[in-house]
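Next up: the structures, one after another.
Next come two complexes built around subunit A: one with subunit B, the other with subunit C.
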Partner chain A sequence: MFQLSLAIIVRRLAAAIPTLVLLSLVVFVVLRLLPVDPLAALLPPSATAEDARALRAQLGFDQPIPMQFLIWLWEAVRGNLGNSINFHQPVTSLIGAAMPATIELALVALAIALAISVPGGALAFVLHQRARETAADLTVTLLQSIPSFLWALLLIIVFGVLWPVLPFSGRVGQEVVLPGITGFALIDLLITGRLRDWSSALSHLLLPALSLALSFSPMVIRVLRSGLIDAAGEPYVEVARLRGLSETRILWRHMLKNAVLPTITMIGVQFGFLFSGALLVEMIFGFPGVGNLMVQAVKGNDMPLIQGIALLFCVLMLAINTVVDVLYALLNPRLRAP
Partner chain B sequence: MSALAAGAAERGLLGAGRLLGQPRILVGGGILLLVALAALLATWIAPHDPLEQDLLHMLSPPMWADGGEAAFPLGTDSLGRCVLSRAIYGARVALIVGIMSALGAMLIGSTLALLGGYFGGRIDRAIGYVVDLWMSFPPVVLSLILLVGVGTGVDKVILAVVLVDWTRFCRVVRADVLVTRRRDYVLAARLIGFSHLRTLLTEVLPAVTPLIITLFSIEMGVAIIVEATLSFIGLSVPPDVTTWGQMLADARGDIQSALWVMLVPVCAIIVTVLGCNLLGDGLRVALDPRLRQRGE
Partner chain C sequence: MSKTLWTNQAELTVEAALAGEPQDSLRRRLLLGAIGAGLGSLLPWEIASAQALDKGTLTIAYPVDMPTWDPCAVSIPALQSVYQTVFDSPLRYSPSLKLQPRQIKEWKWADNKATRLEITLRDDILFHDGSRMTMEDVKYSLSDRPKADKKLLIGNMMSFLADVEVHSATKGVMVFNRSTPTAPIYLAFLAAYIVPKAYMSQVGGDGFIAKPIGAGPYRLVEHQRGSRVVLEAFDKYWGGAPAIKQVIFEIVPEPAARVALVESGRAGLAVQLPLREVQRLSTKPGIATKVYPYSEIYFLRIPSYVKPFDNEHVRAALHLAIDKAALSKAFYGGVAKPLSVMATEGTPSYVPEFKFPFDKARAVAELKAAGYSATNPVAITFLSTNGTFASDFDMARAIVQMWKAVGINATIEETTPAKFTEAAQSGKLTGLLLQSWANGTGDPENYVGKILDPRLRFAAWKDMALAPRIDALVTEVDEAKRIAGWKAMNVESAEKSWAIPLMQAVTTAAYSANLQPTLFDNGYVLPVEYKYK
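On to the complex of A and B.
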């Protein structure tokens, strides 16, 4: 089992390297189409043409594009993604500071999404069996039509304005200073024992995570329901019924296990949606994550930063797909045979 | 499109009856029809110009609330612009982006899917690799990067959505083409001497057309959301074009005092996307006999 996981990881990594290089190239070329000169912002108003030329040479912008790409790639391999034009800081440290917030947000969102969609999928299946599914179906379709950033605005309206019980700006309250051990607020505050600050961090996380989870759940519910409908026709369900197991037990103990496999694959494929959603959701909630950073970079035409974050998103997507593959192999007994 | 029309005609009255018997198609199609009418007739039905500012009537509430005026049925925003008129004009950009992007993504994605799925081999592997490559990006991130590269404007937004979302069509349609190509009637067509092109267009394409129509409808909804997302960030269109995303961005500052300014574009987006999804779902069930039996 361990060997199988290892084999998958190695195979995935080998395939990931050309993918990352090609994707970086695509982003690089697209960004060089930029109609405005990103360097204009770096120069003081009194700069001469000579200064501009010197700066271009210093940043390597005077080289031909293929050469620029190779230089960027070589530096990237050595862990240097250049400096942000607008923040005047290394791209890697900006990303490093923002990434834990985004990962924390995505994981909490995923947990909430699963807490909603596993019972939701089971309910949709039960309603399907009782031929009462039109209502359930319409609800899922309606939920599917609401993107995460609209959920964010709706949740702010409900829990921030009409019934102001939850904070909707920032990652923690203004008076709280994060210890910065792992970068994950929930973990750091827990191990330093600051429980009040911990609950502040949690309450700040709730609305953004819920926005992402609510837009993610309908997709999971659909796949889960579909998987359960498929499982219902399998012989083992009939056998379990003959053995006298209750319908509830058959559903939760036996069918769900089998319906989970396609669901896991789907979650891996759709994780990109979660990240896409995080862009706007983080911006709306003033949450200091990578999505927010990306929006600022895009607004400020900050090429090195855009390029760096794009690379990071690709790495994250590839990592998630690897994890999903491994999970799938571990959970699917049919793949375990030597 | 002629192949689509021919396919629909062949199914005849029976098919038309089945389509209209689907409540989801009726409701979804009805919603989209209303939005389309609003967009087409915006000049006549909108009470005001969407950019006209009335600084004496800033943030006035909807007409049924206290202090509301009949001149502004859904109230005004912080610059005194009529919210209803802006919502009506916003339907134009939403629908143009929705239809054109879905059309572009459909043409590119389905063509590549037909070629790859039908011919297989090296062509298929190459197309498959590009699709995988594209899909390792979160979709909105890719459209953002493209927009930074090509600049803003409605045409650029359409281009960005097409370049990102053709993969959705390609992957799903290709799987269907792979199955269809092995059917006896397709092999028979080749045996009686049909050229590859003719086999593709008259035998394979009609079989996957229901799927393409369904995806088209759903893709419209996706494109409308992407456009709203991009104009919410302020990247999609110049400020003198009214979009729902822009209305949302403008309304954020007044969320404490004027909820209606925010709620109108929120509802407009949700209802329109719901229309697309209902229509897509309805078509999927009505056009696919396997699903009809299963009652999905």
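On to the complex of A and C.
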């Protein structure tokens, strides 16, 4: 088992290096070819073209694109992604500070999505070929057609304004100062024993995470339902029934285990969806994560920062795919066979 | 097949509960119960925090985050409110845009060429670390630092400052290498902030950005990037401790979320809200609203090097065909004042007696003079941002319809500030551009003087003959002559449509009815001037 997991990780890592270099090259070239001025926000109204040229040279934007890329790549290999044009800080520091918030948000969103979609998928399966199946299908389609940022606004109106029970701005309450140990608010506040502040952090996570989860869940529901329908026709289900097991037990103990394999693959593939959804959701909720940072970087044409975040997203996706492969191998006995 | 599997939903629920081992079931129930209790326990606190009004704290829903805490490094107008709150400023404009003393209590020219500005600093200014601000800090911030680091925008804002002579702890002379009669206005404008020399030297630039120290009415307690800025009143502020002890700028770029924050009582003040939302909020009890024009203007920038904009008749037709009052009424509730010149009412170079008409018949005649007609319409490209300022793209579309009515076929191309800056700098603007222009000073040098200066990197009207005229006005030491000169250029620019002024911009605010905010004509949000009733 361990050897198989290790083999998958090594194989993935080997494939990751050329992928990362290629993606970096594409992002780098595309950003440089855009007809925008990265210094637009940096120079005052009184700046002359000469001032702009001097600043461009100072920041290295006057070099040919291949040279700029090679310099960037060399520095990136050494862990230096350059300095943000707008924030005047190292890109790695900015991303490092924002990343835990986004990971935390994505994981809580995933947990909520699973809490919604596993029972939801089972219910959709139960309603299969029944009178209420159309209504269930329509509901799932409706949920799927609402993007996360719209969920965000709807949830703010409902739980922030009409029935103001949940906060919708920031990562923690105004009175809370995060200890900054791991960067993960829920972990840091828990290990420092600040339970009241921990609940503040959790309550601040709920609406943004729910916004992401509500637009993520329908996909999981659909795949899980299909998986359960396929599993229902398998011989082991009939065997279980003949053994006198209840239908509920057959579903939760036997069918779900098999139906969950394609679902895990889909979650892995679509996990990037949570990160891309976080771009707008974080901005709407004033949540200080990478999505928010990316929006600010794009607004300010902050090329080093955009490049750094794009690279980070690529690394994340590769890591998620590796985790999914390992999980798949662990859950699928056929892959474990010698 | 699933029909045989399930009888009803009740069976699912009951069987699911009973399916596992008894111990599993118990554990599951305990876990669920604990999660439920945990979540439930969160709610009362949040309800309480949403409803309570703490008069010691003001939360401001603000659209822009602080990219850096070095106030001398950037010249972004939207950041100046927070910078002024933390760092104060050497001089400051009053709510009605009159230049007033602040950290510098007196200033006067020591010569008649406006090259030596004598300044006297207050003797009671303390930085947040308790150290006293002296003329050495002024010299360091305005002269020495920008000379050493060319990336600091303050150097660009005060490019003609040669040195600051220190005569005592509170007295000094700013020495310019050419006549700079408008130097004082730049002491109340972008990037001109005094930072503590000793602290900056001790911690370095990065250290300062990580933990900035200013001399303003509030000190920085915490900055969660992309989320909030927490400020605390500085009780040793030279102007006295602020009435509101804690100010929190919640960074909320999304206008709908800012509206929700003030509507739910979680923010005491929200700014730059959509007009229709402000109108809706004005009917809510406990919320006061304000829609007011300020010193920003909307105008059309015209590239002189693109045909047919080089034709004076075409430009006149473009200008004459725009019903500015109708645009204001349609998109800004009639609050945005239509402009005939590139200056707002009440500022020095405003020309009240000059009115550029809306005249469709004359527009048609001008087009005819240029050789165009209904059968031979002129085609142009019209660049507009979408969402950079309120209703920008909608206004562009309305203008296109107005032009169509006189025989001008305009095609709108969406753009961004970075795109059009790049295009302008490389001389590749494809059409005229709808733009907003911020000027926190109200001085003509920063309106028409900058908009028409052909040497600046975003210039579109590249008439080099204007350069010496602008230089002459920028260095004119006779204030009456200076203003008269700018007024004349303003009128000439409108008559010849080198640029087309549209209207004064409006800004909006909604706030708790218990709050008494002082609203500034330059749009600044300065909580030191606020108090609760």
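By our rule, the second predicted complex is superposed on the first by the 315 of 338 C-alpha atoms of A that agree within 3 Å, B and C clash if a C-alpha of one lies under 4 Å from a C-alpha of the other, contacts with A are read in each partner's own complex, and residues count from 1 in each chain.
We take it that contacts are C-beta pairs under 8 Å (C-beta built on N, C-alpha and C of every residue); 3 or more make two chains touch, one makes a residue touch a chain.
In this text, all values refer to a predicted model and were calculated from it rather than measured experimentally.
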{"item": "Which of subunit B and subunit C A:249 touches, first, second, both or neither", "value": "second"}
{"item": "Partner chain(s) touched by A:49 [first = subunit B, second = subunit C, both, neither]", "value": "second"}
{"item": "Contacts of A:13 with subunit B and subunit C, given as first, second, both or neither", "value": "neither"}
{"item": "First, second, both or neither for A:111, with subunit B first and subunit C second", "value": "neither"}
{"item": "Which of subunit B and subunit C A:129 touches, first, second, both or neither", "value": "second"}
{"item": "Dominant contact partner of subunit A by residue count, subunit C or subunit B", "value": "C"}
{"item": "Which of subunit B and subunit C A:295 touches, first, second, both or neither", "value": "both"}
{"item": "Which of subunit B and subunit C A:156 touches, first, second, both or neither", "value": "both"}
{"item": "Which of subunit B and subunit C A:87 touches, first, second, both or neither", "value": "second"}
{"item": "Which superposed partner A:98 touches (first subunit B, second subunit C, both, neither)", "value": "second"}
{"item": "Shared subunit A contacts, counted only where both subunit B and subunit C touch the same residue", "value": "35, 128, 153, 156-157, 160-161, 229, 283-284, 295, 301"}
{"item": "Contact footprint of subunit A on subunit B as seen in their complex", "value": "24, 132-133, 135-141, 144-151, 221, 225, 228-229, 232-235, 248, 252, 255-256, 259, 262-263, 266, 269-270, 273-274, 276-278, 281, 294-296"}
{"item": "Of subunit A, residues touching subunit B in the complex", "value": "19, 22-23, 26-27, 30-35, 128, 131, 133, 137, 141-142, 144-147, 149-150, 153-154, 156-157, 160-162, 226, 229, 269, 272-273, 275-277, 279-280, 283-284, 294-295, 298-299, 301, 306, 309-310, 313-314, 317-318, 321"}
{"item": "Of subunit A, residues touching subunit C in the complex", "value": "35-38, 40-49, 51-52, 54-55, 58, 86-89, 94, 97-98, 122-123, 125-126, 128-130, 153, 156-157, 160-161, 164-171, 173-174, 177-178, 196, 199-200, 202-203, 229, 232-233, 246-253, 282-289, 292-293, 295-296, 300-301"}
{"item": "Interfacial residue positions of subunit C with respect to subunit A in the complex", "value": "1-3, 5-6, 9, 11-12, 15-16, 18-19, 38-39, 41-43, 45-47, 49-51, 57, 59, 61, 65, 67-68, 70, 73-76, 150-151, 153, 156-157, 159, 190-191, 206, 209, 222, 224-228, 230, 248, 250-254, 256-257, 260-261, 263-267, 416-419, 421-423, 425, 446, 450, 455-458"}
